[in-house]
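Only one structure is covered here, and it is reproduced in the block below.
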Amino acid sequence: MTQPILNALGQPPRPAHVRIPGDIATCADYERHAVHHVEAGAWRHIQGGCDQGATLAHNRAAFDRLQLLPRPFADLRGGHTRLRMLGQAFEHPLLAAPVAYQCLVHPEGELASVRAAMALQAGYVASTLSSYTLEEIAVAAREAARELVRGAPLWFQLYSQPAREHTLALVRRAEAAGYQAIVWTVDAAVKRAGMALPPGVLAANLRGYPVRRHTSQAGQGAIILGTPLADAAPSLAELDWLRAGTSLPLIVKGLLDPVQAAEAVARGADAIVVSNHGGRVMDGVPSPLDVLPAVRAAVPEAPILLDSGIRWGTDVAKALALGADAVLIGRPLLHALAVGGMAGAAHLLHLLRAELELVLAQLGCPNLGQLAPTSVWRVQKD
Amino acid sequence: MTQPILNALGQPPRPAHVRIPGDIATCADYERHAVHHVEAGAWRHIQGGCDQGATLAHNRAAFDRLQLLPRPFADLRGGHTRLRMLGQAFEHPLLAAPVAYQCLVHPEGELASVRAAMALQAGYVASTLSSYTLEEIAVAAREAARELVRGAPLWFQLYSQPAREHTLALVRRAEAAGYQAIVWTVDAAVKRAGMALPPGVLAANLRGYPVRRHTSQAGQGAIILGTPLADAAPSLAELDWLRAGTSLPLIVKGLLDPVQAAEAVARGADAIVVSNHGGRVMDGVPSPLDVLPAVRAAVPEAPILLDSGIRWGTDVAKALALGADAVLIGRPLLHALAVGGMAGAAHLLHLLRAELELVLAQLGCPNLGQLAPTSVWRVQKD
Amino acid sequence: MTQPILNALGQPPRPAHVRIPGDIATCADYERHAVHHVEAGAWRHIQGGCDQGATLAHNRAAFDRLQLLPRPFADLRGGHTRLRMLGQAFEHPLLAAPVAYQCLVHPEGELASVRAAMALQAGYVASTLSSYTLEEIAVAAREAARELVRGAPLWFQLYSQPAREHTLALVRRAEAAGYQAIVWTVDAAVKRAGMALPPGVLAANLRGYPVRRHTSQAGQGAIILGTPLADAAPSLAELDWLRAGTSLPLIVKGLLDPVQAAEAVARGADAIVVSNHGGRVMDGVPSPLDVLPAVRAAVPEAPILLDSGIRWGTDVAKALALGADAVLIGRPLLHALAVGGMAGAAHLLHLLRAELELVLAQLGCPNLGQLAPTSVWRVQKD
Amino acid sequence: MTQPILNALGQPPRPAHVRIPGDIATCADYERHAVHHVEAGAWRHIQGGCDQGATLAHNRAAFDRLQLLPRPFADLRGGHTRLRMLGQAFEHPLLAAPVAYQCLVHPEGELASVRAAMALQAGYVASTLSSYTLEEIAVAAREAARELVRGAPLWFQLYSQPAREHTLALVRRAEAAGYQAIVWTVDAAVKRAGMALPPGVLAANLRGYPVRRHTSQAGQGAIILGTPLADAAPSLAELDWLRAGTSLPLIVKGLLDPVQAAEAVARGADAIVVSNHGGRVMDGVPSPLDVLPAVRAAVPEAPILLDSGIRWGTDVAKALALGADAVLIGRPLLHALAVGGMAGAAHLLHLLRAELELVLAQLGCPNLGQLAPTSVWRVQKD
């Protein structure tokens, strides 16, 4: 007898809504709804952080600790949220993060989320571990952009494969499919095992590639240091090799140390994603927002993106005020996808953008260039 | 079938008490009672802050973080709480805040609260969004003052209207009705939509005026920057125009940035209300109390009022010790109005004043001029 | 029909135990038991602090924030806890605080607590508001000291009376009854009304004296400043008068401000009790422990006692390490009195003293003179 | 009728599992399971800290307050966790702490835990208060090491006995049995009474030795200072005597004060265990992690071990980054022993080691020597 599929509340998961529920106005509302739509194990996987969840909690606390200082009298005329990064134009600084296996929450998975991103003119980063192939995702993006006469840059997130030939094959496929940048994730090579995927969900891009056991199986005797797993972790040598291997912009994702960020840029990285992988890899790690000012100081020129913990428009403003150029939206997009498929994901991006614009208006910033550390107020708690 | 009207506890709302319940001795007691008297949606609207409620919580935390240092041996003889602001005399530093739509909690709304204020000699600020007209409120104030042989200054809170002619019309009406100052609110021009008003509650002052949609409707596609909404937000130019347009004292309400406060005064504002609109406009905003010392340093001469979070006499003393001249009482007045109508509101003002006097006596301050930053003790938490 | 008498748990109050319950080993255990023994209104009165209870909570937090650094290798031979204050000898630094109306929790009230104090060689401070007269208490103390061949100093706590002649009468009675010091409380002249006393409990010392209404009755219109109540609050002139009026040591109780402490000593006070009246008079007041180092610096020579919040032997050590000479035990003594009468109060004093000695041994301090600020460790929370 | 034996959940304690439950992946999982296996009184004894449990809570908080900064690009090739201390080789820096009376949780007690330690190549410290004799433990260790062709150093933890001859007898027995170091505990000579041992559990090493009452019995009148108990507490003279009395390395366990640590080393101690005895001796004591940097600065050369609060691999890394050479695992080992006997204890040590290696890889440290204060990130909370 097979286990019945249940959500985290012990009920059969609800299918995605055809229409967005009327009581949804924020990311938090989508999260509240999403628990009804996602199978229990997938929900725990999506929501969880490692160990005690301290990094996860800290990612939020770092935002909550900061305050923004309104300035009502500013001249807002002609305001907008546009920016350029890596020579590419963005309508606003919200990008869809490279969340793996999006079919865990909705059958259309990445096809739905990329259409939503294009509809809302949000940059989209497709994961190596997508449940559709990067080629399928690119086609969906192009179709949506054409239909809607809108669109936004499409990037490919790369995990190094056990053999360099397969890593390079992924890069070549991304180039061929029209992706406009490679986002190389370097912070998750050595980590605990993740969840077992349910039937029908798989890493579509890696079909036929050899699989490296990415993680130590807790309790099964693997020790890390001195094994091939640790020995093959991302290195500066691999950065050099990858840099030489593609003419696409190369973005390094998963750095927190200002020194390493500067080193990556010095060796040719075009941008950095300051991230702790959403608190999923190691516990007790600094939040991206906390290290951001130091990273920005160490990398004064290159674009910096940030992820991990963004749930409100004020969070986006805080990240940009402290030095980020743009942010990646991860879990909230998955929640919205679970609740409303493509429409949900698009609605979520709209909500966040509208919140960001309200905040910019409150802060007296008619455009992103006006956001600066002076918008952040630090309470003196002496 | 119409929805039955229920309070936030799911019961039919109780009417206001004829007599004040005997177990009420503080603002907190009125709040505890008020939940029984107010319809659920109105209650959520009154009590709520935006987003996560961080600003709301922080407004209280800022008071709770400070301590006051008693000085028992002071000579208190001849003590009092009188002050002068803008050439006007006040018996004590408590003013009724310009809370909108007071008929949401009591059918006599602003007529009851203004009578209570006059009876307790508390300054009263009538809102542009009053449920009675400013003229009706002024009449009620005058009658109460005459009957009781008491009274206090009456001010008018102004929201800019879509067309300057209507903004100016409101000013002229306030002048004609005998209001003694214009309190121009500048921090709420761009914000989320509020609640829908129930039948019979309306902005009485604005009957026949065109209405600007003040807010983005979450989830309905409005983007802010570059739209007429943002372009028409309060500006220094509008401040100059307003300053030139009335000979009444002009008070700017809703500033937190010390630089903007100084700028407003330099351009002719007569006083400042340091406020974050009770945490209703943007989340993660500094509490007025936290910015107060910096605002006072930037505006050494002009009167400074403060609102947002005052619930105890100690809070009033803390605000005055750190540089405020007077404070505005908002939500607590609404709670008392809901519980006991005019009598409740008057009782609440009495309670707060009595608490303030006890605190002054404990601090060894026979009058408000003796309150100083040295009354505040800052714990060394090293 | 009269109200049945119930404790705070809604049950008939239990009488005091004849034998101490076997599961009592700390102050916290006595508190846990005491709730069963005390009538509900009296319990709320004893346990409560004013307003939000912030001062009450802060009194504990101040102790909990500090840490003590053990030093195992010290030579403890010949250790003891003796001290001298005001020319008087104490076996240990624990004194019974002048808690009012002790018959609220046990019919023998102050007679039981003073016998317990003498048995445990703890100094005892009798309250002006005792439920037995100061003469009765002195007799009980003398009898107990004689029977047990033990004893400790007996002091009298003085509240100023509406007329100086009655204040002086209390001093003369205390002198005549053999009290060895006057502890003049100066921090509670202006405060909210307290509880109504149940039948049979009264201020035995004040029978026949005129009563000043000590407090504003919340909600009944009294305003403080400019009234006789505030005008007659303790003053430096009254200190001078009192100093001149008795040859007993004069201790001023209820100062937190270092400047006022120094001023009192300069005018002839022999010692200071740093206290916020157990959080009962004003909320948001510094904890005595937090101001203690500054008071000690301002009063380098005179004895300093401290009360408010002591529940553990570590608390006593912290207070002494930061500059106090001795401490007063208030609520815990009442809890023990409620649970076990004289035996309970004695047991409690024994427990606290034993805890203190364990702590001294751990800290490597063979006597009280070895306690110093270097015993306190301050965590660097950067 | 005898009391039935029940665990802390009021159920008959479960025997240890033959196989490790499949849902155990961390120390926290073992703790969650262990409550089912341990008798209620023993559970309270194992889990508890003294007084309010502040030290216990602080031991964890000190770890949780720190963050570790990942550095993905490091070259990890040839990594390992080996170290040398006192001329002895360790595969990794995890040692089994000298937990008393391990038969309280499993009938094989120390015999099971020492076998587990040898199997996992973890150093083992046998307690004076073992439920098997130090000779039996040494035999079990040797057998396990021979069978498994593995092993690790074996140390003996020493409590001073009432008479020096018995203290010395324990040292001689440890030498004879092949123990490689003496770990002299100096922080628990004067403390409250512990639990009563159940039938069949005893201090096997001390059979026939006179017993000193180690503690004050709360509530039974014992006062500490000036009694033989306090007078005989560990002293520098005893350190000199012990140092002269054995050629084994001498490690002093239970110091927090940097000055005393330096003093002990200057008098011949070979290493220090920074510890607050797991929060069991005094409340409100600094956590070992908080004092560690100062102790390391005061003792720049000698090995420093640390215990109290380690539950995750990140904790080990934090301790080593701030100056410790190795750590002792106490309560977690007991939890695992209760759940799975020798297999559980071995599994636990494996889990912690695997976690540590994951963390080292994340931090870019191929070996322990690379851990440094720069791996620790301190959030600026201004």
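Chains here go by letter, A, B, C and D, matching the order in which they are written, and residues are numbered from 1 within each.
To be clear about the criterion, a residue touches a chain if its C-beta (ideal position, glycine included) is under 8 Å from a C-beta of that chain, and two chains touch if they have at least 3 such contacts.
By chain, UniProt protein names: A, B, C, D = FMN-dependent alpha-hydroxy acid dehydrogenase.
If you're wondering where the values come from, they're calculated on a predicted model, not measured in any experiment.
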Determine the shortest chain-contact distance, in steps, between subunit B and subunit D. 2
Touching both subunit A and subunit B, which chains are there? none
So what angle, to the nearest 5 degrees, turns subunit C so that its CA atoms land on those of subunit D? 90
If you take the mean of the Cα atoms for each chain, which one ends up farthest from subunit A? C
Can we say the copies subunit B and subunit C touch using the same residue numbers, with more than half in common, or are the two sides different? different
Rounded Å distance between subunit A and subunit D, as computed from the means of their C-alpha atoms: 42
So the centre of each chain is just the mean of its C-alpha atoms; given that, what is the distance between subunit A and subunit C in Å? 60
Junction residues of subunit D, two or more chains touched: 380-381
If I apply the definition of touch given earlier, which pairs of chains qualify? A-B, A-D, B-C, C-D
Which bits of subunit C are touching subunit B when the two form their complex? 51-52, 54, 58, 62, 65, 186-187, 189-192, 216, 218-219, 221-226, 230-231, 233-236, 239, 254-257, 260, 263-264, 276, 281-286, 290-291, 378, 380-381
Would you tell me which residues of subunit D are touching subunit A in their complex? 20, 24-26, 28, 63-64, 66-81, 312, 314, 318, 347, 350-351, 353-354, 357-362, 366-367, 377, 379-382
